[in-house]
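Here come two complexes built around chain A, the first alongside chain B, the second alongside chain C.
The block that comes next holds the complex of A and B.
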């Protein structure tokens, strides 16, 4: 008992006084505020978890592109392995393996309870060995070296190649031996890459242009056929025009193809032959080499150069090799475009709904039911929205749009399948409860005296809402929109049903009328993470890319949120008057 | 009660000063219910044009309710019912076909707590004009100057017209609200305890201001401060539990009240 008992009558057990006497000392629970520690501890725990998550993602994401050394390992059986040491772990040696281990090493393993260490090497050369990685147990290693002349080659196809430069042919003539290094071949490499870019330009942009024109002409004919019938004179005239046009286009197509073929023939004259550590040789077109360098010899500046070059490639190019290599520009673009579109849909829709609910609807049971339903919408699993988006938006609404506006393109769907527009609309539906709830709260927080002041000045209800209520509620509304945006940008599951694809052939914005193609399917960072990490041929190679892409997704969401918060704060300052 | 019928006044408790410009408001047997609860019981009084009329009485007696019925601010409340009539210039304020917004434009209102909008001083004053869609710049500027002079705020505010109104002191804010109320050139000014949130110095400034405004506007002011009522008004209405007990010339009310309850209230025996 901590209480100081001053009622002696009570303490001696005599008749108890009915007057309550407070103890003249603080109760234990009032000292030191014990709950403060519990509450603070919970907060600290949350912070540690978030910091740990960010640290993990940032660290793994940031080191991925840093060039690692190449080790050449001589095994006890005389075989050679060359590769980047990827990671080391300890493993239990099986009886079969143990049987092949020399006696002295077997004793060492036995003292470790049957465990030994092994290292995972990224050996590359997938086209030769059908594997990118190889485990090397420590007990098999005879010696490890880092020879300076080992070259790491990033290729357009087949992933990295690790080996030595054996010979090279530039423009049909052999390169002298003293220039058989990445530095010595740099000029030829640059020229080959420039030529490669030119081939790409011809084959994708110019020939793509021709194909686009042909397709448009074909659609014109088809729509004439649909409107006036297959044996009408109008149709025959259109057909005639089409074949005239087609002749010209085919000519241009042939010319472009010839041009590209000439360049390719030129290109085939520049090759470099690599010898990998096992003695096999591989000739590669110089233009198919994205980047090659000697990592064991690289200075710190050289390493930084490679590092930045890889980042730039990552951010500015399209993916290749089933998304495990190349860049993620289309995914960044798709994520940003979808998020912006989502905001464009969700903001007016949510705000108008909340305005009606709070300001105009009669506050009765019906409104209460609607409000509860809206709140509960936020708890519906997101994939359900995906199903709804696909079934309703894409198939029903989109299908009808196709019937009415794009009949000439059928049976291939235009709006009748998943796409950017439907994806953004689906996510808008998913996030609209957030905006409605936030807006309603912000509206309710506008003091009654403000509304009365405005009405007393002869303002109508709408004028009061527009001039007084909405500006005051705007920061709260913006907060809701920001929350909705953050939620929508990170959502993946519903998108897989309504328009996100592994590899989108075209961006939703390009140079062809009407320039913005909201019906197109698109790529998304969230889905890209899933795809690279778990759907690619080699998940070990994809793992670092998972972290880099995650890092990018986080950064992107942070940047978009920061921009929105900046806008909100400017609005707040603007509406609150200038001098606060 | 048949339409247009004259209320018969009990002359013993109904002795207001008559103005020279006729009546502004004619309240006839006006009753009001908040849902089930009746807040006003058949109140009848005539507000003289150009005079200051004070409403006094213990708190909860329905002064604000009566005042807010005049510009139909009570319309916002769910479940409100009224009985009787209230007329401005002979037109029934609650009659069918009345344009509430046009009605409110004829009246300015000042609230108990200063409620400037979170905008600049300038925008606050011209709010009624903005609502009317006035864009003529000189018109707006002249209105601001006239209204701020009218509310004795011009000298303090003229150098900071484009700063936020929320940076002003409470007394200044209330005078700004008065400027806003008179910017739309109303006929009637309704004031609900305009000084109750202010310190004595700000209060006396507002009282002087009411004196100055008195000639130009018909003013109805609610106050729980009897000295204030005595200082600023020509007529005073005493209300008690939703009923009008006595309505008369302020001087007479405070020196020789006719009703017993009035006497009890102003001598401080209850309230």
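The block that comes next holds the complex of A and C.
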């Protein structure tokens, strides 16, 4: 405003003194202090918002796995509810609800202006009641207890079970009544879990191996059939070889299956029967119990043990029950693998482009247009990149690769559908403008005197770039790569189109040749958050998992950035000593 | 409409002699138990409905327990994404929460020369949800139409825009109804439009949500809301309103028995489409997966996900049609 005023005053030419006065009087805008306050305030506001968001995520993420007590509630009509108190809210009692309230409690509601409190209990036992949460209004409660013998059971299937241990059978014989506690059954439970791990090993690793070999042999036959025709001698020979091999493999398969079956039969002998609060009983295989404990009786160390155990399970196992339980190891793995792959693509590509633009290209209209285009690329909505990645990379490029290199697997696509490789390429495309702009800035910041010094010593242009310019620009380039990495790790929308899936049971790296399977779909933490938060059957149970996963994604990005920053600082130190 | 009648009659016929337990939904005991066979491995990919997303994942998990080396990938962004994926061959299974449209079948037939095979994998009741405190007792489909649609093809003469018009008083008196629904890629959107809206158009005020669970979460946090979603997504924060097919008709709860009996007006099958050449045997991995869906274990997963299992009669019909033994 002031500038405009001065301008108009000056242009009208009248009252030169007024301009003079304005410049010297203690005008607020001239002092600049209020402006400083605005800047400071904006910064403070930004900090508060970010800190608030982080605090929300950290708090909710950190408390999720803490074991909560189990309350047994006797209702006024005699029914019993047992569960973890989940949250409480105040609500206005509607006329219908009020009609059912006993007369003595109505007065209390009336004094609260018609409001009452209610608690949401996580009751578990979904397999028995088709319901795992329940609201209990305070006026329906006759008494609340926390009995020590209530057990919280985390199972492989059907979610948590809440009840008392009724009886247990270990190795075909009933366990005496005095040992019917989680602690008393601990040894048997450990043995059952170890056996379960052994069954897993046989079924997944050993039988998996056999299946893998059979599939490979089948594909070999198919490829011979494709190359030399279905009635060629070569095909018949291949077929013969396949069936010979198959017989042996089938034998091994049968042997392994028998072994697994024997273990399973033994496994079925160890069961625990729980009685839930309503009197129904449920027998569970001891090996299908992930963890069970008496939360009302747990000491602080016991709670810490459960808490850490749950974290470890979350970080180190695969998801179960349509991603609502178990761990997220494949998602962590997928996120890290994709981000690293993204850096491998984006770093050389971005740096080379920027080098040419800044060092070699003649600065003219064409280069200006290219530069503007690159900058504008950063503003294209990310989903557009996803569509491009799917249409061009997966369908066109990937489809052609399948036709040429993997005809025996068709119609099942290999590269012709979304996968880790295409996802990383798409995100590389998305983030390359960041690297180009950062690299250009870093190159421009290298003092002209250094280049001239190098050239004057007789070095060629490439030698100058290679030995003088690039090393000095390296910290700046690293900054660009760090930014690109952070953006790529947090991006979800385009990934949904080019390779991220809800369930990818296999990691992109495993023990089978060629060990790194870039064509495989993968899981991603960002997508996992979306999936658990918005797609799972029970959104109530999903909510805490959303916070934990968000916490983990933030931590993962922090760790990756910290690593990159550490490398950058080392580079800086390395060149700090060699100034002219 | 014709389609739906057939569907429900089939369901009603198929449930003959089927006893569902009063509490937890039971699986038809006549369904076969799944017995693993040897040498099954390969890749399976499913692209389609997000209503079926969790169910497909549960089946995949169950199937993987027996065949660890089968790689099953599941993508669920809406029923409309299934037909293109099947035509392009990028997926072997296309789960859909509505039957394929004529144009979609034509596109498939044009490429392959035969129609896609269909698996009726589970029964779903599409429920109309309101906030848990809402005292509403019953809605007729005509009222549902007048609430959600601007065309009112159901025949209600007046638009319904606030709760008083539905006779809900107290806190709800004269409060506008807040509408929640699915986005147009969803089969739930299409089915609700066809059956509850009598093929009319949605009001512009419907807040379109990206997932079935998001609809329920929206209703949970909005006291004056109404929305539709699969019964499986019900939480303790919402209430499923009983529905009647005609104004003044019998109000029917969204339960398994009512869905089987064909009484609940918004019951539907959840389909999985797949590309089966009638002149060639199905490759083993796909055949086994289909058999697994129709087994005791497979149908228990539908209960786990909040849907209703299909009966052995339906299973036999579909398996026979696909020539899978």
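The rule is short, and it goes like this: the second predicted complex is superposed on the first by the 545 of 580 C-alpha atoms of A that agree within 3 Å, B and C clash if a C-alpha of one lies under 4 Å from a C-alpha of the other, contacts with A are read in each partner's own complex, and residues count from 1 in each chain.
Methods note: contacts are C-beta pairs under 8 Å (C-beta built on N, C-alpha and C of every residue); 3 or more make two chains touch, one makes a residue touch a chain.
Computed from a prediction, not measured in an experiment: that's the story for all the values here.
*Asks:* Could you tell me if A:239 is touching chain B, chain C, both of them or neither one (first, second, both, neither)?
*Replies:* neither
*Asks:* One more residue to check, A:468. First (chain B), second (chain C), both or neither?
*Replies:* first
*Asks:* Could you say whether A:211 touches chain B, chain C, both of them, or neither, answering first, second, both or neither?
*Replies:* second
*Asks:* Check the residue A:317 against both partner chains and state whether it touches chain B (first), chain C (second), both, or neither.
*Replies:* neither
*Asks:* Considering only touches as defined above, state whether A:273 meets chain B (first), chain C (second), both or neither.
*Replies:* neither
*Asks:* Of the two partners chain B and chain C, which one touches more residues belonging to chain A?
*Replies:* The partner with more contacted residues on chain A is C.
*Asks:* Would you sort A:228 into first (chain B), second (chain C), both or neither based on which partner it touches?
*Replies:* neither
*Asks:* Pick one for A:60: touches chain B only (first), chain C only (second), both, or neither.
*Replies:* Neither: A:60 stays clear of chain B and chain C.
*Asks:* Examine A:458 and indicate which partner it touches, taking first as chain B and second as chain C; both and neither are also allowed.
*Replies:* In the superposed model, A:458 contacts chain B only, not chain C.
*Asks:* Once the structures are superposed on A, label A:450 by its partner contacts, choosing first (chain B), second (chain C), both or neither.
*Replies:* Once the two structures are laid over each other on A, A:450 reaches chain B alone.
*Asks:* Can you list the residues on chain A that touch chain B in the complex?
*Replies:* The contact residues of chain A facing chain B are 363, 447, 449-460, 463, 467-468, 471-472, 575-580.
*Asks:* If you look only at chain B, which of its residues touch chain A in the complex?
*Replies:* It is residues 71, 73, 76, 78, 101-102, 104-105, 107-109, 111, 113, 115-120, 127-128, 130-132, 162-167, 177, 180-181, 184 of chain B that touch chain A.
*Asks:* Report the residues of chain A in contact with chain C in the complex, numbered from low to high.
*Replies:* Chain A reaches chain C through residues 91-92, 94-97, 120, 126-131, 133-135, 157-158, 203-205, 207-208, 211-212, 214-215, 246, 249-250, 253-254, 257, 320-323, 395, 410-413, 416-417, 496, 501-506, 520-521, 533-540, 542.
*Asks:* Show which residues of chain C lie in contact with chain A when the two form their complex.
*Replies:* For this pair, the touching residues of chain C are 23-25, 36, 38-43, 45, 50, 53-55, 57-58, 60-61, 64-77, 88-92, 132-133, 135, 169-171, 210-214, 216-217, 220, 232-233, 235-237, 275, 303-306.
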